[in-house]
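Structure record follows, encoded as structure tokens.
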């Protein structure tokens, strides 16, 4: 598929070590047969290949959230919703499916997903990402404009469940906008 | 899939005994390997795990309708249509596919699906659900707002067929609203 | 699937004999394991089960068009487009995919699909269907309002190809209407 | 599927020899079991069957771009977008997925896809196609109005990746137009 993204899993916390997919496969067009081990600065410790250009984002999330796994996906609806929203984030509110996000106990919940502008220099953007993760303590994910979704969890299964929940809600909101809703 | 719901099947009518999926898997994210037997008050008689938080709904439907099976699903279109309708229900009228609902002999049929507001306390909501089921004797299903669909049948195959029929009609109506139809 | 329809194949032309799916499975909800042989009046000659309530339509098409097979399908887009068109038919014009219809040599073709109102008495509607088939000699198919599509061909593979072509074009037109086109 | 198209692969560059799918299967309705070898004028050198009526387009692309493979597809969204655009081309700008196109290094890229009017005489249209390919040196693909997409690459895998990338972007843009965007 031309639409999958990249992912990482924490191998050790202190010192921080991540297994992460290598660059060039993060468009998902090749089978994922190359994963490298990196340290907290993104230096390759094991495996061959250049780590994803977005590895600094994975490291920042693993640190700020204590996540065991980080997933980044490209999808039709996350691309549309991140583009269409005129604001700095997307609010999702009042849906039963929100209870599929970690720690959410009621549908009467307002999830705020920050939207970051896209860039080709994620290393330089780390301070901005860290600031947003620090300010938005309750966010389970964020969007990159016209690009895709980042979410995280205790492990890959947990992060994958959140991707499914969020994609479901993106599709509901995107299709509703095609009906009567305007941003 | 992050979109499936929960289900139950009647094991005996008197006393009423249901097999029902356990809580925590009703977001459908894990394989359904845990089903418990409950009595008419929702008490677990066999199996391990806590029954679905919505088990009181299943019991109320099995009683009021004499259903052999109850299915609850989360779908994109049922979420959208239950949300978009400003009224207390959704009318579906004049489609050939309506003949796939139990006992409907002609396309010239008006199906009225009550819409209930969502809650986190279904035990407390049982009297309201029973009242709606008593008033709307002809309804084959109902919707919970921003949440999903409940339908029922003689057995699981019968209930599953009604889910397919209703989802088809939800998609037709949802896509039409994207064209020229307004609620 | 809750969306498939019924089909027939001509076994002999003179006298006319059709193999046709039996009633009760034409909503496609059960596996198709029951096919009966009928004569030109719809009388069952072999097999058990009641032939589809729409068998008189299949017979009329097989006669009027000399078709070897007739396919009837229920789909989201054919339901929407047959409903939305305010007129007695649907025009499809100027698409390359039209060349997938029998005998169409150029995209610069205008296909006119008659739309019939739905009924529960197809035997009584046969004269109307025959009149439309006689008047619209070039039509490769027709729609039944809020119900579905009928098309035909030399054999089942030929009719199936036309279903695929028409469904593609219905989806194109339906999605376009969601954009800027109004009926 | 009724929606696939045709393809070719360069066997030798000088003299130019292409393997190309035969006519009559380019609507994708039969399994692709017939491929012929043609020369630079479209003459069949090996295999049986008439080469695709669009073989002159494949030859023109292989020459002008030095492509190793050419892919032509029919899809819902390429049909809609090529039809809906009032201009001579479609601009796609600012999406991360653009980086999946050959040589594109940043999302901050503007891809311009020329749109050609459809014809039944592609041999006669070759000079026009060559002129467009010469003028639009940066284009990775072009559209034929109400017909489909042509793209190319070093080999079939490369061209296939570009189809996936472009189809993703067509769907994003088509769905956005269903929301707030107008041409």
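We call the chains A, B, C and D, going by the order they appear; numbering starts again at 1 in every chain.
In this text, a residue touches a chain if its C-beta (ideal position, glycine included) is under 8 Å from a C-beta of that chain, and two chains touch if they have at least 3 such contacts.
Quick caveat, the model's predicted, so the values are computed rather than measured.
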**Study point:** Common touching chains of subunit C and subunit B
**Key:** none
**Study point:** Most distant chain from subunit C, judged by the mean position of its C-alpha atoms
**Key:** A
Practice item. Answer with same or different: of all residue numbers used at the interface between subunit A and subunit D, are over half used by both copies? Key: different
Revision key, fill the gap. Rotating subunit C onto its identical copy subunit D by a Cα superposition takes an angle, to the nearest 5 degrees, of 90
Practice item. Indicate the whole-number Å distance between the mean C-alpha point of subunit A and the mean C-alpha point of subunit B. Key: 33
Exercise for review: Could you please state the distance in Å, as a whole number, between where the Cα atoms of subunit B are centred and where those of subunit D are centred?
Suggested key: 47
Review point. What parts of subunit B, by residue number, touch at least two of the other chains?
Key: 178
**Study point:** Chain pairs that touch, as defined at the top of this document
**Key:** A-B, A-D, B-C, C-D
Practice item. In the complex, go through subunit C and note every residue touching subunit D. Key: 94-97, 99-100, 105-108, 161, 164-165, 167-168, 171-172, 175-176, 178-180
Revision key, fill the gap. The answer for subunit D against subunit C in the complex is residues 1-3, 27, 29, 74, 76, 79-80, 83-84, 118, 120, 144, 146-148, 174, 177-178, 182-183
